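Some notes on the structure that comes next.
First chain written, first letter: the chains are A, B, C, D and E, and each begins at residue 1.
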Amino acid sequence: MSSFLLVSAVLVLASIAIGLVRILYSRQAADCMMAAQLVGTGGIAVLLLVAVATETAPTGDVALMLALLAAFASVAFVGGMRGTGSKATEGADK
Amino acid sequence: MNSATLFGFCSAAIVGLGLFGLIVSPHPLRRILAFNLLGSGVFLFFGVVARRGAAAGLGADPVPQALVITGIVVAFSATALAVALVLRLFALTDEAAPTSEADPKAGAEGGHS
Amino acid sequence: MSGLLHAFTILAVSAGVVFFIAGTVGLVRFPDVPTRLHALTKADNVGLGLVVLGLLPYTGGLLGALKLVSVWLLTLLSGAIVTQLIARAVR
Amino acid sequence: MSTASVATTSSGYLLVLAVMWPVIGILLSFVVSGRQIERLAWIVLPVGLVIAGATLIAVTQAGQSQIYVVGNWAPPLGIALRADGISVAMMMATAIVICVTGVFAHGEFSQPPGGPEERAPVVFWVLLFAIWSALNALVLGSDLFNLYVALELLTFAAVPLVCLKGKKETVEAALRYMLFALIGSVLYLLGAAMIYGAYGTLDIRLLSERGHAEPATLIAASLMTIGLLAKTALVPLHLWLPPAHAGAPAPGSAMLSALVVKGSFFVIIRIWFDAMPDLLSFRAAQLLGALGAAAILLGSVLALRQQRLKLLIAYSTIAQIGYLFFVFPLAAGLATGVAWSGIAWTASWLQLFSHAFAKAAMFMAAGLIAEALGHDRIAELGGIGRKLPITMLAFALSGLSLVGVPPSGGFSAKWLLLLATVMEGQWWWAVVIVLGGLLAGGYIFMVLGRLLASPTEVPALQAPVSRWRECAALSLAICAVLLGIWPLQSSDFLFIGR
Amino acid sequence: MALVFDIGIVSLLIAIGAWMIMARDTLVAVIIFVVYGLLMSIAWVRLSAVDVALTEAAIGSGITGMLLLSAAARLRQTEGAGARPSFPVCVAAGSLCALISAGLAGVVLLPADVAPTLAPLAVANLADTGLENPVAGVLFAYRALDTLLEKVVLLLALLGVWSLGSDRAWGGAPALGAYVPPNDILVFFAQVLPPIGIVFAAYMTWTGASHPGGAFQGGTVLAVMWLLVMMAGVARAPPISSTKVRWLLVAGPALFLAVGFLGFVIAAGFLAYPVDYAKALIVLIEIALALSIGVTLALLAAGPPERTLQP
């Protein structure tokens, strides 16, 4: 069983890697943000698979932490992009 | 070859990459990024040391793990301070440029010497 | 019983892996950001769901299972939000 | 594993107080409002001075190191604080410089009565407490990772001090300083990781028992040393220092130049003389000495070419730091009991303390001059010394100590160093020491000449200069001179604990 | 098979690291950094360091990523500032770094016959602390002094960041999220996620005594949730002169320090705990620290005060 799970983990990891290579060729920052999303979801799957396969310490909490914070970077990204758009108002004191 | 040695090589490579980035990066923000990479390579080295010290029913020596946790927090505070410095530097550079409207605070700050 | 569970896990995890690979294929082949977003988030979230489903017998207890399911739910939520945010930012 | 070897000594609690007392000041500063912080300083400073004095007395009376095992967890698992002769000497010098700096800063960083809390005073006082705590932790720490945390504390206290004025150049200098310091700490940490991987402990005492000269240890020690050299600003890693030290407000520059760079130097000493004494090979010692020699020559020559007073003083710091590194080639035999090594050891510490006092006094004097004139261009200082005689006296006395004119701490230090070079048969350092003295004489007398000149019109003072602040600068300069007439026999306590 | 997986993750880490250094666009480099942090936490799980994996996931990629992303977005216009050094310099730097890497790899290959470890000692003394998580034992008992000083480092970093505001803005609020136009999705997200996050943070802090987790991880989750609320414009960043904020900042370290000094009276000395109450005291400290860390990290990421508030 454990080797099956590990093979699955390697396959998911490989698909992440190929996705990353695809994004390497893109110039758009939005594409890169997608990469973060890809690695977030795929990474959680890999983590769960490996943890069960190698019977390491319970890693459910790490997966939870990743899931909880996965979207945070994207929010910062989008917020940051918008922030630059409205840069003109930034100097004004409220 | 066991996996601890493998991660040891990984940390060696990342330390090299981080140092390289620190030396050649032109933009200060990129240097901060490279510093974080370098730091994570060093932490990974601690991790390898911890893994090799697995004993007493633990998968890894807890002391280096605790050191890494402390180190990660310190590295974050360093990053925050450095980023604030960079942002301030560019804000002051913008102010100095003649096109943008001047900020009255610039004059008020020369008081101390 | 155990054999049945094993078969279930193998089936679910394999299906999950197939979805992950499909998502990547979509990412590689689709022409623009919104379509790639479709391919990526939907396929990957289903993939993760199947993997979680397959691993449920191994969590050892209700709490572990609950954690695993909440991992999936959280990923679904953040996936949906991020897709929307990125799509709007690109538009 | 020998865990029973260390135990808390009777006066050990003083070490905890020395580190934690300023921390209490920092925490309170966050919750009391602006005007109270300065009042807080009037409690923190004298009490801290008393703690340092008490530790000094405790260590000299006991004649041996004082130890505190924190939380009663003995190393290697726990952390011990240890005060030996050089620690208490550093603590005392730190306390004196910090307290006088506090007096000096009193006028500059006060909250205006009635107004809202202001930025610069709040930040300055907290940073002052933090520098103090960090330095005490550095000199008392005996665990390499504990020292890392202390080094970071020092960095985080020093960097904002550099750009307290908020001008663009100072922010730039602070950023550069920050990057150098960060690389330094990461390299140090990498070395510490290697040491832990090799010996399973970070405690300096245990390392000196377990450690042996092998390639991995040498790589680790070299990495740590390079990291610390970047923080100490030894040539060729000195580029960050002049703009940073010249850009800070005068009390800040005084602390940065007098104390902060010495903190990381102290850790280098700990590594090579305490943690791994067998590792200091002849070649390594010569290399460090050569870097020191390069620093003396380069720093002095660059100082001679400066147009601004504060920059000149900052370059002089680079040169004076160079002398400290002669301790490696000249006192290398300390562990094996070579008699002449003791002379070089005493000389190096004398140099460190006299430079600390003299440089703090000099930066304060320069700050007063800049405040009075509104600028610090050396060419236009003409005759200001006649308007500010006390300031000029402070500058002159500290300058004499830097040059090494008797009687002054700087003279005793350089004289003893020369003696050691002759005894050790390493005459090449003597050439550098003499040359460095001559060059220092050049830049100090260049400034003194300007200060004393009698131009046709004496420049008008832009701002009144408080007599108190002049006296603060003078008192430190006098300390530097007094070190020279202090009987050398009493410096035996520098050897306590080794 | 596990080794194949490790080779995969190691090569991905190195490749992503190199890509991060080489990337032309700073914003892209930062996003790659976030990806790197995610993979790094998997690496930490593989090294059996779950506590570190949690910290890396929370701080390494989460909050550091956010900090760098917003900075990169704000600095987009400054992109060509400064030129890369010339090719020979790059080659020289590259060879130097390769040399250092090789040296480090050599050290990795030359391990002691028996790797030294403090694990048995740490486990043997764990009973005296009442804890079951040895990492927490190191952080809050054996090396508590480091942890305490590190809290002071965090506070100082925050003061350093605040000191970079203008004189006039002192006492005002960070500008984070102040100019964000309302975005219903973001607002929805910032209303749904924080309750979950706060529960998780409480769980992390609580479980830290016996399982991987603790005040650092819990506090970081709190910080992230607060930042999310601020970035979405649901709640404003507080003014830095706020008494409540100041007390929250020092509560954790102050309690830690107070318990430390209490050790002189009720236990074997500074930062020592009486055996019977050790766990209770440590958990209490962790709760206070988690709150303080949350506020400190969030304000560190929020940046210096920029808006002056009307009294």
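As a working rule, a residue touches a chain if its C-beta (ideal position, glycine included) is under 8 Å from a C-beta of that chain, and two chains touch if they have at least 3 such contacts.
The model shown is predicted, which means the values in this text are computed figures rather than measured ones.
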| item | value |
| --- | --- |
| Least hop count linking chain A to chain D through chains in contact | 2 |
| Touching chain C and also chain E, the following chains | A |
| Relative to chain D, chain with the most remote C-alpha centre | C |
| By number of C-beta contact pairs, the top two chains | B-E |
| Closest chain to the centre of mass proxy, which here is the mean CA position | B |
| Rounded Å distance, chain B centre to chain E centre (Cα mean) | 11 |
| Whole-Å gap between the CA centroids of chain B and chain D | 26 |
| CA centroid of chain D to CA centroid of chain E, Å | 31 |
| Multi-chain contact residues (two or more partners), chain B | 15, 45, 48-49, 52-53, 59, 63, 67, 70, 74, 77-78, 81, 85-86, 88, 103, 109 |
| Of all residues in chain C, the ones touching two or more other chains | 74, 77-78, 81, 85, 88 |
| Chain A residues counted as touching two or more neighbouring chains | 16, 33, 40, 56-58, 61, 64, 68, 71, 75, 77-78, 81-82 |
| Footprint of chain E on chain C - complex, ascending | 74, 77-78, 81, 84-85, 88 |
| Chain D to chain B touching residues, read off their complex | 77, 108-109, 120, 145, 149, 152, 155-156, 159-160, 163-168, 171-172, 174-175, 178-179, 182-183, 186, 189-190, 193-194, 196-197, 200, 249-250, 367, 370-371 |
| Touching residues (chain side chain E, partner chain D) in the complex | 103-104, 106-107, 110-112, 115-118, 121-122, 125, 141-146, 148-150, 152-153, 155-157, 159-160, 162-167, 170-171, 241, 243, 246-247, 249-250, 253-254, 257, 260-261, 263-264, 267-273 |
| Contact set on chain A toward chain E in their complex | 2-3, 6-7, 9-10, 13-14, 16-17, 20, 24, 27, 29, 32-33, 35-36, 39-40, 43, 46-47, 50-51, 53-54, 56-59, 61-62, 64-66, 68-69, 71-73, 75-84, 86-87, 89-90, 93-94 |
| Chain E contact footprint on chain B (complex, rising order) | 1-21, 23-27, 29-30, 32-34, 36-37, 40, 43-45, 47-63, 65-70, 72-74, 76-81, 83-88, 90, 103, 105, 108-109 |
